[in-house]
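Look at the two complexes coming up: subunit A is in both, with subunit B in one and subunit C in the other.
Moving on, here comes the complex of A and B:
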């Protein structure tokens, strides 16, 4: 019995906070339930919640926003993190750990603090971003590239998503840098030495040795980005005041699900949306898996 | 050895007596404070209750008050969860008006008339529209108001003076309000209001018949597509945007506060409590420049308000009700909440006296509270529905389409009505 006793704290916590909510949300998907009326007020409605979610234009709009944000904030994370990790690993020497720490800092900073900071930076009339941009618009020759008037970054539909994507990128790029530096440290040095003896430049070493060796970590990092990107909640929630911004342009599916449950008190519909999101995440994770599979079938 | 054993026995006997004594003492002290009334509230209601609890505990020996404070949204989320699971429910629940419809019709709150046969008498002492807001068909009086938010128009007197206009010009009609806004814009560059949505919010609330909701009729059917006030509200908001009279700023944003500080917005329609926010933290340096007036076009509306309720599963209903009575019926307590926290009293008797009618320095020495009291009496009680929040959300999204994408008002209202009806069926 001893092993079971030793495992029981984890099992108990997993059952209560892991398995039960999953099962309960699956059950709720087929119920109409206004939570404030208590557990006894649930009524079975069959597939009604799912049908409503499929016909709800906000579900599709939020999904479109989520995919946009996942790609625009996720892809650059890796495109920037890999060369940056290479640079840190190969050229920074004793400053390597300090640089990694600096890039990792946003990841462990409170999301609320980050969102408040960026809200101030992107403030229309008093934000530093607009002050700098309008100043740059007065530069000769290149001035036309920058806006002459203040941009309402978080108040107009066209700019909300890019701002949210930028904040998400800024926050998670350091995490990916750490992943890739760790993977690079596992690449045998003799591969590089052999390359150098053959007269390969740094670029060729990166392209022909580092990149192929990073593939398993790229797979891991991409899966994390896909799952995290599709569950995006905190950054857009705080930056758009919890409502998704003008024309819902910053409302992600996770945000809409939360609002459906806790603002509109419709837990059945919220559960249907959550399972809808789960299916999409599972599908995209499977596609990522397929994309990273080599000819031998190993990821 | 024997001596040691004896002394050990004596020590053991002594320690047993000490344990027994301490248990008895604990029992006595437990008896002295055997009831703890828990109150779940949000800022600044939590502070009001904490301040009141000290006096109330003195008057009610043996009863303690424990206040559970949470941020505004967290509090209502926590209460939703507690009602859902019937667990961790407080004895007294503070509810903001926006959440009242959802919570009241849950069946999880006590009809207060079952706790006190003289409830009707006590309700007569409170502002009628707020009492009506706490009454729900089939559920009775499930919530009792403690503070109210009669709507007012706060405006910058100096900006109004700059174009030689009077308060009458500003509030006599919607047309007059917008024309004065044109003048202020031309002379000072200041916008008339923070957001075009502000005028929509008040026009849809003005003229609601007693017993009806803002978005639904008495039977819960959407009136967004049929009631003329929605058409007028959208048309006015569109005009505001076209004439450049709004600053396109959302309430409670950084820009909103800055606009008040810098005088780039000339007026704001909101609950009377805004005066306290402006004076305390939004724009204290603009003291003396602001005035309060009735809403334009003889509109009367309420902005929020706080209610107390007792959950069905509360453990100490009797004591909870006694505390609520103190919080809502005691004149000194209600006036203290007004003085310290700008909570406008729901108790009519607390809307009297020298301090109530005293001039407010921030408003240039205006005795504005008397004006708010008068307007509170003219507010028609409207019904709240559990789908109000989603209806408001849909309507705001459609208004954005009108203001930003040039969607026609008729089409926007038709779409809003369709979507609200679809939601309300659930």
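Moving on, here comes the complex of A and C:
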């Protein structure tokens, strides 16, 4: 009996707070009730919530925002993290742990503190970003590249998403750097020695040895970024004051689900939205899997 | 040394310097926001938004904290965050080490299936449980109760996995076989033989759990509905408003939220990094 009671806390918590909520959420998707009268007024409404979610333009808008943010914040993370990890692994001796620490720090910092930090840096009047940019716009030759007037970064529809994407990129790039450094340490050194004997340059070694050897980690890291990016909630939620910003341009699907449940009190519709998002995440994970398998033969 | 190698050496040096410059710029980009946060935390709201912005520390930190205290029940929120973090950490260490030990030391029916189940729970995204979790907590009368925060997540798959790996690799099976021979009960094998040897694994998992709990935002957002029961991050966010934000106070509050993490990080960054990437690298 010993293994079962040793596992009982996990099993109990899993049943009550893991399995049951998922089943319950699935059930809620087909129900509607008046929040004022409580759960006793719950009635089966069939596919009504799902149909409503599909016809809701805000669901699609939020989905578009989420995909945009996942790609624009996710892809550059890997494009930057791989060369960074390479440089850390090859050229940093005793500074290596300090560098990894600095890059990793944002990952373990509270989202609220990060969002507050960046809200102030990006604020319209006299925020550091605007002060620097307007100053740079007065530089000769390159000045025209920078805005001469203060930009309302978090207050206008076109700039909210890029700012959120930048914050997300800043927060998670270091995590990927660490993953790639760990993966690079697993590459056998004699592969490089052999390449060097043949007179291959560093760049060629990177291209023909490092990158192919990193494929499994690229797959893993990409899946993490896709899955994480599509669930994006905290960063845009705090940066846009919970409402998604002007024209909802910073509202992700997870945020819309939260608002549907806790501001509009429609838990049935919110459950339908959450399953909708779950299916899309599962689908994209599967597609990423396929893409990597096709290119490598076996991932 | 032939000519190709010479060319490669100078090319290598150029690449090394490019790399160092690239890394230094990246490091500045990573740390600059923290620098501004700490500097701003010591300035008044008016000073923060002057041109050029302040680049050095001033002496308004405690003033800023006082402004914050007038807006939120500061010590209560902070204490709640600490309490939830400690409870979450204690329970997680207990439950995960129990489960990890069970998976290493015993053969039983459904062992493989149960372990697969543990790992599968990692794949379920958090937002899917958000609404039903709220309704369950509401049904249990746990809204505004700290236990609604530390109990549900107290047996995370990652922790069970970490413990299983550590127990199977660092604790020789003979050790608890011998204890059993000597007539130890199964519980005292776990409690007296295994637990005292789990120090390093407890350290890593404990840090990860505490940090995650300390930073948690989505969880308390859903179940903590009154300002007296807000955890610290939630309270901080409530101070943020579209107009007339007390930036100095907010920055000081953010600094308070980040300082414990910095202290933990300085002393244990390597262990933390190893723990957080362990599953990834082995997977």
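In the analysis below, the second predicted complex is superposed on the first by the 290 of 299 C-alpha atoms of A that agree within 3 Å, B and C clash if a C-alpha of one lies under 4 Å from a C-alpha of the other, contacts with A are read in each partner's own complex, and residues count from 1 in each chain.
Heads up, the rule we're going with is that contacts are C-beta pairs under 8 Å (C-beta built on N, C-alpha and C of every residue); 3 or more make two chains touch, one makes a residue touch a chain.
The structure presented is a predicted model; accordingly, all values stated were derived computationally and were not measured.
Novice: Superposed on subunit A, are subunit B and subunit C clashing or fitting side by side?
Specialist: clash
Novice: Output check: A:46 vs subunit B and subunit C. Expected answer is one of first, second, both, neither. What do you get?
Specialist: It touches nothing on subunit B or subunit C.
Novice: Where does A:157 make contact in the superposed view: on subunit B (first), on subunit C (second), on both, or on neither?
Specialist: A:157 sits against subunit B, while subunit C stays out of touch.
Novice: Is A:123 in contact with subunit B, with subunit C, with both, or with neither (first, second, both, neither)?
Specialist: In the superposed model, A:123 contacts both subunit B and subunit C.
Novice: Looking at subunit A, which partner touches more of its residues: subunit C or subunit B?
Specialist: Partner touching more subunit A residues in the overlay: C.
Novice: Figure out whether A:140 sits in contact with subunit B (first) or subunit C (second), or with both, or with neither.
Specialist: neither
Novice: Considering only the touch criterion stated at the top, classify A:241 as touching first (subunit B), second (subunit C), both, or neither.
Specialist: Both partners, subunit B and subunit C.
Novice: Name the contact category of A:264: first (subunit B only), second (subunit C only), both, or neither.
Specialist: A:264 sits against subunit B, while subunit C stays out of touch.
Novice: Output check: A:32 vs subunit B and subunit C. Expected answer is one of first, second, both, neither. What do you get?
Specialist: first
Novice: Of the listed segments of subunit C (56-64, 110-118, 236-244 or 254-262), which one clashes with subunit B in the superposed model?
Specialist: Clashes occur only in 236-244.
Novice: Same subunit A residues contacting subunit B and subunit C, which ones?
Specialist: In the superposed arrangement, which is not itself an observed complex, subunit A uses residues 119-120, 123, 125-126, 241, 262, 267 for both subunit B and subunit C.
Novice: Under the definition above, what is the set of subunit A residues touching subunit B in their complex?
Specialist: Against subunit B, the touching part of subunit A is residues 32, 34-39, 41, 52, 119-120, 123-126, 152, 155, 157, 241-243, 246-248, 262-267, 269.
Novice: If you look only at subunit B, which of its residues touch subunit A in the complex?
Specialist: Per the touch definition, subunit B meets subunit A at residues 73, 77, 80-81, 83-86, 102-103, 105-108, 248-250, 252-255, 258, 386-387, 389-390, 393, 397, 400-401, 404, 423, 426.
Novice: Considering the complex alone, what residue numbers of subunit C touch subunit A?
Specialist: 2, 4-5, 7-8, 11-12, 15-16, 19-20, 22-23, 26-27, 29-31, 33-34, 36-37, 40, 48-53, 94-96, 98-99, 101-103, 105-106, 108, 111, 114, 117-118, 121, 124-136, 151-155, 160, 186-187, 190, 211, 214-215, 217-218, 221-222, 233-234, 236-237, 240-242, 247, 250-251, 253-255, 257-258, 261-262, 265, 269-270, 272-273, 276-277, 280-281, 283
Novice: Can you name the residues of subunit A that touch subunit C in the complex?
Specialist: 2-4, 6-7, 9-10, 13-14, 16-18, 20-22, 24-25, 28, 80, 83-84, 86-88, 90-92, 97, 99-121, 123, 125-128, 131, 170, 174-175, 178-179, 182-183, 186, 196, 199, 201-203, 220, 224, 227, 231, 233-234, 238, 241, 254, 257-258, 261-262, 267, 270-271, 274-275, 277-278, 281
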